[in-house]
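Quick heads-up: structures coming right below.
In what comes next, chain A is part of two complexes: it sits with chain B in the first one and with chain C in the second one.
On to the complex of A and B.
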């Protein structure tokens, strides 16, 4: 049969995001896949070298539209480590609650994209609606719906407003009440499970060899989660579990996302109960003339798609010397995706890609 | 140096320099020829997770610094005190003759990282299977992430100019 070259994206119904894959196909079978990132390369890391430490905050969150809060967090962690700033205990709890809320919002967005791509429009509309409820909470807390710029070196910008935790709990309860509906319509729906089971299987060995993190390796049964392995914020102060599945296919990955979302909500309730009183902010030097001692730091956190790292170098000046993000989609969207697509059907390209939760802007940066 | 891994590295390889770590990591500086053997040694020693390959342009010293961040997959908390340390491996490359051996033979994930560094810093990785452009669409005289590439000047030169209107058309 004749080999054809097929462009999958950036303008393609099955492609979510500014990303493209060049496929070499024979009939319906993929022989070779080449990922083409770069549609969103804005050179943030270079631009950040030209701005003061604090002016980079509005920029760093824009690296990833789906989950901007972990970007703020990782940059704040890097700056704190270089400058030796302590964070008050209450701020650690506020950060954890905020980041778990961000994880719920991001997972709902991911569920929207995945369900929408597979044609489950009801589920995708529910997910978008529920994400909007979480965004309302963010708007109340920070003033912004998508980009919040809430985490700051030394803590967070402001404490929870009065009654905020009650409203948060009530919103999360109403979203949680819909989990059975999601299960019936999507996760336990035969139309979906038949479509996702056994598709895009990544074995544990393959995933580990290619730097896989997050759901991709947790779907192979490995309990690797930076929140447990290298705890930050207040994740070691409350009990919670890492959820895994064993099959390593698209279905396992999306089920890990589902379980994580529920775990995040439980974790938020526990964190609220255990949260101490006190300040949420430690003063930092005048941020407009802030010089940070020369040095380097590598910090990491568990973003909604897996391990997010930041390598930060200071030459002792008012601006960073080098900023380099290690994003989870970098491994998933380039190395692992190219390998997993070989042998798959054309109809499963979007399915496999979205089940790995690839977010193009964080590959390009 | 009391660190057992550091002692073994020092005994096995020539020219290895151990530095006080960054945030509990063991920092190892090696000559660029030793990058691949040291990475192989560390991988066999259980460092199966290459988190990042980064590059820093130290233009005053006339060299690039390649940084390899090595960790390991585990289900337990990484011991910061006393437990197995993560490793930060560094090698310098002169700006004039920017090339280094590829690590793709040891870690598959090195492939996109090295492609990116090749594109943004102009470092050639010998033996890399595809050093094709990853992100960029245009050609640049100076690779754009080098410190001597002036972003503002480039934007002014390329985008701020009003293209002349063709009177015929």
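On to the complex of A and C.
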């Protein structure tokens, strides 16, 4: 049979985001896949070297639009570590709640993309609707819907508004009430499970060798979550579980996402109960002349797609000397995806890619 | 999750009969959240034009533009931020850095227009721009744009708890009132290096202070140098405009701090104390400044009075290469600054530090030499190419009430304490006046009482025509005076000094003040004759103001001197009086009556003198 080169993206219905994969196919079977990032390269890391510490804060979130909050968090953590800034206890709880909301919102967005890719339009519309409800909460808390620009060095930008906790709980309850619907229509639906089981299998060894994190590694049965292994914010103050599956296929990955969403909601309820009173912001020095002592810091957190890292170097000046992000999609979208696609069907490219939740802007930062 | 058939999934068809979830915008309105970050609002009345918003904007979306219809006054520039909505990312950093909190974000977010220029926009709020902000009933979302917005639609706005600037200053360590009133030890201890750097870090560098400073000192620069731990650089910056930092760092009237953008919702940057820190932290100015007099010009200038003005004019002219001789009747430099401010505020060593540096540049100081007595004014005019008068206000005024000749006068009292043996004070003292000099007199009298009558009950009373809110002394000085336990009697005017049978002072008869100023704001006190009280006191000191002493100018010349309506010496833009070659500045010329304005006058006059001598 004749080999054919097939361009999957960037202008392709199955491609979410500015990303492309060049496939070498024989009939319906993929012989080789080459990921082509770069369509969204904006040079963030270089841009950040030219801006003061505070001016970078509204920008980092833009590296990843589906989960901007963990970008803010990691930058704040990096700056706090370098500058030795203490964060008030209440702010740690607010940050955790905020980040878990972000995880729910991001997973719902991912579910939208995934279900949409497989033709489950009803589910994808639900996911989008429920995400919008979470965005309403973000809007109320931060004033922005997509880019919240909320977690900054020293704490968070504003405390919860009056009555916010109650509205958050009620919104999360109403979303949680729809889980059975999601289950019957999607996760337990044979039309879906048959489609996703055994597809895009990544073994634990492969995943570890290629830098897999997040749901990719947890779908292979490994209980690895930065929130547990290197706790930050208030994640070690409340009980919660790391959810895993064993098969390492697309179905396991999306089920890990489902369980994580539910766990996040439970965690938010626990955090609200344990949240102390107090300040949520320790004022940073005058940002117009803020200099951070020379040094380097590596910080990491668990974004909605897995371990997110930031390497930050200061030369003692008013701007970062070097910034580098370790983003989960970089490993998932390049190495693991290229490897996993080999032998798969063309129809499963989107399926596999979105089950790993590859977000292109994160690769091109 | 067990595998089930796909038919189960059809059960969700029940949602077909539910209420639709989709919001049909704009027909179903959706209100943005209360903290929504939409278009900007700016209260032009409180915006200071400081430009910190433009400074912090990560996208350079804000530009400060001059508004012709606004007037620039100290502490408020006539500039306002202009937004480019092609660049703005609505992060709200501008809101959090805004010192007055005038810049806010609204909950409006719609703007559609074919003209891209409309996206460049100078925000105002509904207070100033009624036309563009329509009430709810006339608002239509279909017309929403930057020129059709809702009234009272504030979103993300400033909160002092989350502001990016520090509203509170680093407290200045001071000796507590109970301790300091027992001696003349300097009240203010001064910042340590860490405290100074911390305080300097608060400065946003907007430069509003520089416009307000009469001498236009490069305040942002010298504070930045303190922040960078470079006091030497800071001193060099200070000396570009002010050659008496140790003096000004202690008793400047700090017009700069009154203009500081941070004052509006917090405390201004302690500019004066930072200047003091710089001058105190450098032991030897000469090695740091490395200044040398300019090329000799062969011209000679005589300066009458070694006060702040005289010292400054001597410094600036000497740097230009002229020969300068300064005459003063006192035994050291400083002029009225040497006599007036008590030692707990300005130790003589600080004055001498500044004066000695100026002398080291080759300025010839002739102390204990009174012009008009030891040397003649006419002689000076002949000997020197130009003469500068920086004589200040050296004569205390008296109330002129009955028996007022029995009272002491403020400047005599202060001068005697500094230059001679301290005045013997009684246990009950009344000080008349509500200005800074009156506070100095009262506090100095209190200290002398503590020293001369230790352990005994003493009373120091103050009486002023002005009520609390009108008192001319600075609020800081009034507060410190009250802390030391001095009794205030505001809004009472002296009527008569009461004497006992032996002709000694026994008290002051006062009457209640109705008003101090007339409708036009001129000083014209009126009294309630029926309301009287007696302030007991065996010593009364009058501190109601000072006037100039021109007795050194020969009568014929004095007649040629022109004065303004405020009885100030009239000078031209070069600082020259109506007598050719005679320049003047300081308290005899300006109405601010403070050291830094005298320096400003001196700067102008030194340029003027230089030009005058070159042209001759």
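Note that in this section the second predicted complex is superposed on the first by the 365 of 365 C-alpha atoms of A that agree within 3 Å, B and C clash if a C-alpha of one lies under 4 Å from a C-alpha of the other, contacts with A are read in each partner's own complex, and residues count from 1 in each chain.
The rule is short, and it goes like this: contacts are C-beta pairs under 8 Å (C-beta built on N, C-alpha and C of every residue); 3 or more make two chains touch, one makes a residue touch a chain.
Owing to the predicted nature of the structure, the values given are computational and were not obtained by experimental measurement.
By the touch criterion defined above, A:153 lies against neither chain B nor chain C after alignment on the C-alpha atoms of chain A. Of the two partner chains placed by superposition, A:328 touches none, neither chain B nor chain C. In the superposition on chain A, A:320 makes contact with neither chain B nor chain C. By the touch criterion defined above, A:306 lies against neither chain B nor chain C after alignment on the C-alpha atoms of chain A. Of the two partner chains, chain C is the only one touched by A:181; chain B is not. Using the contact criterion defined above for the overlaid structures, shared-chain residue A:139 touches chain C, although it does not reach chain B.
Across the interface of their complex, chain C is touched by residues 51, 54-59, 122, 129, 136, 139-144, 147, 149, 157-158, 161, 181, 183-191, 193, 255, 279, 281, 283-289 of chain A. By the touch rule above, chain B contacts chain A in their complex via residues 22-23, 25, 48-52, 54, 56-57, 67, 69, 73-78, 88, 107-109, 111-112, 133-137, 144-145, 149, 151-152. Considering their complex, residues 37-38, 41, 43, 45-47, 50, 81, 208-211, 217, 222-224, 228-231, 295-300, 307, 309, 311, 313, 321-322, 324, 326, 330-331, 334-335, 364 of chain A touch chain B.
Only residues 1-6, 8-9, 11-12, 15, 21-22, 32-37, 52, 55-56, 58, 89-93, 96-97, 105, 155-156, 159, 161-166, 201-205, 224, 227 of chain C touch chain A when the two sit together in their complex.
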